[in-house]
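Both of the next two complexes hold subunit A, though its partner changes from subunit B to subunit C.
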Partner chain A sequence: MDLLTFARGPGLQWAVTIFVIGVLWKLVGVILLRAKPDLSEPRNPSTWKGLRLIITRSWPRKEFLRSTAFTEVLGYTFHIGFLVALLFYLPHILFFEDVFKGVLGVNFQQVFGVQWPYFSGGVINFFGAVTVAALIAVLIHRIVSPVKRLISNFDDYFSWFVTIAPVVTGMLAYGHVGAPYQTLIAVHLLSMELLLVWFPFGKLMHAFTVFLSRGTEGMQFERKGASL
Partner chain B sequence: MPDSMKPRDAGDAHEATLGERLAARGVSRRAFLKFASALASMMALPPSMGLVMAQAMAQAKRPSVLWFPFQECTGCTESITRSHTPTIEGMIFDMISLDYHETLMAAAGHQSEAAREQAMKDNAGKYLLLVDGSVATGLDGAYSTIGGQTNLSWLTEAAKGAAAIIAVGTCASFGGIPKANPNPTGARAVSDVIKDKPIVNIPGCPPIPVVLTGVLAHFLTFGSLPELDALGRPKAFFGDTIHDRCYRRPFYDQGLFAKTFDDEGARNGWCLYELGCKGPVTYNACATVKWNAGTSFPIQSGHGCLGCSEPDFWDKGSFYKALPVGQWGSAATLGGAAAVGVAVGAAAAYAARRRQDKIAKGD
Partner chain C sequence: MSAADVNQEHPLELESPRVSVKKPAARYDKQGDVPDAERVKRAMQNFVKDFGRTAAIYMESCIHCGMCADACHFYVTTENPKYTPIWKLEPFKQAYKREYGPFAWLYRTLNLKGKITVERLEEWQELIYDSCTVCGRCSLMCPMGIDIASLVSLARHGMAKSGLVPHELWAVAERAEKEGSPLGATPKVFKDRIEWLADDHEVEIPVDKEKADVMCTMSSIEIMKYPDSIVATARIMNHLGVDWTFRLDGYEATNFGLLSGNAEWQKDMSLKLINAAIACGAKTLVLPECGHAYGALRWSGANMYGKPLPFRVMHIAEFLAENTKSGKLKLKKLGKSVTFHDPCQIARRGGAIEAPRDVLAALGVELREMEPGKGLNWCCGGGGGVVTIHRADPIRYKVFQLKMNQIEETGAELPVTSCANCRQTFDDGQAHFKWDKKMNSLLEMVADNLEGKAA
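The block that comes next holds the complex of A and B.
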């Protein structure tokens, strides 16, 4: 079995399986934890309003704007760049549509009535390049900033690596740079599989828990009458 | 040389050089130079090599070539007979001495086997061995025999005296369709059986004829085999993917794809990636050399590449499914994975609650 056959077959299947097990394990494990009883009288009757913390925490507070602007801007840049490259490149879309149909038994287009939009390879390459540049900048910032360096551990650096690796290998495969295309695409797939396997067990899991956590916290704060 | 295979136009075939033969046949030096230049160009050699090839080939003696058919469909022979630069007749009479080829030779039965043995004896250590078809190795090779002898024994015996071996077609190069799951005959590639001889793989189902003539011309010119890639294929012809050289590639880059074989995209000649084209992962020269004297190739005719020059192409999923499709597993597997994930998560939460209770009780 050659590398590409492994990456497209058993490697991918194992990675997806581990990803699904891991994500549900972590999510269900967290959701079913017993909440700490709050015996105080609620300051606000409607705690659901606290969900607005999801929005407010997604923007820098004015007081800290100057010190957090760099991280905020670059953070948004690589998140958006990564998602565009992931979700609006045709080969990726064909994969997602195939999984969609395989799991639900219907075509994406039949359900949503529209075709999944996509960009040309050149546009995706641009978003990939922006993502890589932003990821490198945030890594340098993490290393240079004494506070960030102090609070960083293996999880931070490895999560950074498995995030940038699929983007870099994807761009190399698109440009056929450095090795035969089959090798490049196999390495690209393997890097994506590494991301899937690591995802539930490291800080990348924030993709699923960030809004859950902010929403829960917001509702608790609202109950206590804290300023959001 | 066996009488059955002697060229009809020369009594002293062993002595005459290629140049002399061409002159005798009325081929001008200019025409021969053009042929050599075209070959050099196709093999990505510098322009000056055209003259070198012409000079070297003009002085060359015709090498003895034995062509063994094993587990094959004769498609490779069909293909090579459509070689246009040079034609198969021209190649047999001018470039090589084809001393054994079951389909093309006049002799049959014991006469042909005698021809083969005689050629191997007369040209020991110097002949080129061409093989098309995979080698059956199951039951000691008994699944495929010729004249009561197994292909396996033929190959191992003939390989000993060969200067080099050329595996013609995907079956000889990688096992091909006979090796497809479940491979009942134990089909193997020539390179799986023979380890101590230089082997050139010219895969394709069938292979492009000019690739074989190009390799033979290289052997005649330089006395060696051309540069090969990791899979033993001549880099000159297998250096790029079909996708890289495809005239529809600009449509791929622009995001213009045919969605079915008869939609507007198909009629406009847009990229066939979504319809299962394997061009991006297939190395071959179809997109540049093309077929039938450069007339067309499958993608030009509106059908995606099958990837036939790659190992195990028959077992790599549907020809009509796009490359990213059909590889992630099944809904049942994912459902099972989801159930396991929920169960493990619930167990982890239960264990955490039990621990909380114990702490609360002061245990």
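The block that comes next holds the complex of A and C.
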């Protein structure tokens, strides 16, 4: 079996399996834990209103704007860049549609009635470059900032690595740089599989837990009428 | 007041601008005679014991973005990265991953997270106690919505169980458990004080009435240092014609069980108040000007009791606001400019943000808000038991400077607050910096300006 066949076959299957089971294991493991009911008399009985924190904590309160601006701007830049490259590039879409059809047995267009929009390869590469630049800046900040350096561990650096890897390898494949195209695609796929495998075990889980933690703090604080 | 000094081993300092135990010749920051391995085990077991879903969600969510540092007065004033809020939980985070999280088996099998040692916990004592006022500012900064302050409280549970509480904090907590007050305000002392105050100020102060609509409580700091607050409470209650009482079986609202992390003592202290209120059939329990007393009873009381409380719990500022708004309590116009220092546990974490402002409006003052203010107000630096810890003085004075600057910037004539613990932190800071601004009590201000009071 050559590298690309492995990456497209068993490699992908294993990666997706570990990702799905791992994410579920972690989420279910946490959600099933005992939660003591709060017996205090609520100030605001509609505690669910606190769920707004899931949205509103996406930007800092104005008092914190100055001190968080750098991290926030870079964070938004690489998250958006990453998602655009992943979701709006035609070869990716074809791949996802393929998977979609393989799993559900119907065409994406038939179900949603629309064409999945996409950008040209040039635009995607631009987003890719911006993402790489922002992620490098994030890494430098992590090493240079005394606070971030102190609190960082293996997870932080490795999660950074598996995030930047598919973007870099994707751009290399697009530009046919450094190796035969087949190999480049294989490496690109493998880098994405590494991301999937690592995802449940490290801090990348924040993509899921962010809803739980913001929602929890939001509801508990709303109950008390505390500052959100 | 040395008669109040029952516990001779840890003499009280009543003359200093704050009340606490005397600097011990030798510190005993480790309590009990327990092997180190056992201490670590207890710390971790008790940290995870109360580990419900909420705490686990928080533990799983941190992305090490470091933003919380800039919310914490201890980091902002020192720029020492060890004061980053989430770093204060590092050994506990490690323990969680190793012992409790969904992948704990994996971490243990592969030995990915090392075991915690007692040396590490001792090192962290300073971070968990001396340099965290549990003010909750960081919890508002975290982009993941992690309530870091609540995790510090959980970590204190582990530390208390393993006997790793800073000496003075432990000593006052033990005093509170044994004598009914952390600062020598035993039932006898309280009763004597009330008799003396009632005589001196010609005010009626009911004690131990069998039935009453309202049960009032005090903090030990007020009883020992600001007894005018007792008089003020009585004046206002009498003025309103409320059927009220103090009870000697439940008058002391501070909760050093909570601050030190001793969950059993916390429960004992809360149950005293709850049982006393039930005994006199109170419909409302009024908490004094004390921040953590509010958190302890208003938000944790029912959970300690195990069922909803059969009475309302109000902070005195909320009680005053209710009565000024309904028009029952009429106040003379003060006509000065004031700035209000929001006690963290009442405002940011307690939700009673507007109540004191309603009262100030009734006093007709010009309110000049601090920047940042209200829910994001800087902590005075003395909360969470920090003001009792002597070795924390240098850093506490550092963070107090933030507070002084904030107040100076408003240009207001009078700083006002509604927490006796903040107040003594201000008094102490004022003495240290020879500052010309004296902190005032909202309660006493109201009592001094009752409309229709004989002048």
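Please note the rule applied: the second predicted complex is superposed on the first by the 228 of 228 C-alpha atoms of A that agree within 3 Å, B and C clash if a C-alpha of one lies under 4 Å from a C-alpha of the other, contacts with A are read in each partner's own complex, and residues count from 1 in each chain.
As a working rule, contacts are C-beta pairs under 8 Å (C-beta built on N, C-alpha and C of every residue); 3 or more make two chains touch, one makes a residue touch a chain.
Everything quoted here is computed from the prediction, not taken from an experiment.
Engineer: When the two structures are superposed on subunit A, do subunit B and subunit C clash or fit side by side?
Structural biologist: On the shared subunit A, the partners fit.
Engineer: Angle at the Cα centre of subunit A spanned by the Cα centres of subunit C and subunit B: state it in steps of 10 degrees.
Structural biologist: That angle rounds to 160 degrees.
Engineer: Quick one: classify A:G29 as touching subunit B (first), subunit C (second), both or neither.
Structural biologist: In the superposed model, A:G29 contacts both subunit B and subunit C.
Engineer: Could you say whether A:T17 touches subunit B, subunit C, both of them, or neither, answering first, second, both or neither?
Structural biologist: First partner only.
Engineer: Please indicate which partner A:R43 is in contact with in the superposed arrangement: first for subunit B, second for subunit C, both, or neither.
Structural biologist: In the superposition, A:R43 touches subunit C alone.
Engineer: Using the touch definition from the top, say if A:L212 reaches subunit B (first), subunit C (second), both or neither.
Structural biologist: Touch partner of A:L212: subunit C, not subunit B.
Engineer: Name the contact category of A:H92: first (subunit B only), second (subunit C only), both, or neither.
Structural biologist: first
Engineer: Examine A:I80 and indicate which partner it touches, taking first as subunit B and second as subunit C; both and neither are also allowed.
Structural biologist: Neither subunit B nor subunit C is touched by A:I80.
Engineer: More residues of subunit A in touch with subunit C or with subunit B?
Structural biologist: Partner with more touched residues of subunit A: C.
Engineer: Under the stated touch criterion, which partner chain does A:A133 make contact with: subunit B (first), subunit C (second), both, or neither?
Structural biologist: Neither partner.
Engineer: Counting only touches as set out at the top, which of subunit B and subunit C does A:L194 meet: first, second, both, neither?
Structural biologist: After superposition on chain A, A:L194 lies in contact with neither partner.
Engineer: Please work out how little space separates the C-alpha atoms of subunit B and subunit C at their nearest point after superposition, in whole Å.
Structural biologist: 5
Engineer: Kindly list the residues of subunit A that each of subunit B and subunit C touches, one partner per complex.
Structural biologist: Dual-contact residues (subunit A): 25-26, 28-34.
Engineer: Report the residues of subunit B in contact with subunit A in the complex, numbered from low to high.
Structural biologist: Against subunit A, subunit B makes touches at 229-230, 241, 243-244, 252-255, 257, 273-274, 280-281, 283, 311-312, 316, 322-331, 333-334, 337-338, 340-342, 344-346, 348-350, 352-353, 356.
Engineer: Given the complex with subunit B, which residues does subunit A contribute to the contact?
Structural biologist: Those residues of subunit A that touch subunit B are 2, 4-5, 8-9, 12-13, 16-18, 20-34, 90-92, 94-95, 98-99, 102-103, 105, 118-122, 176, 180-182, 185.
Engineer: Which residues, counting only subunit C, touch subunit A once they are in their complex?
Structural biologist: 51-54, 56-58, 60-67, 69-71, 75, 79, 81-82, 84, 86-87, 90, 101-103, 106, 136, 139-147, 298-303, 305-309, 312-313, 347-353, 372, 374-376
Engineer: Touching residues of subunit A toward subunit C in the complex: what are they?
Structural biologist: Residues of subunit A touching subunit C: 25-26, 28-36, 38-41, 43, 53-54, 57-58, 60-61, 63-64, 67-68, 71-72, 75, 145-153, 155-156, 201, 203, 205-206, 209-210, 212-218, 220-221, 224-228.
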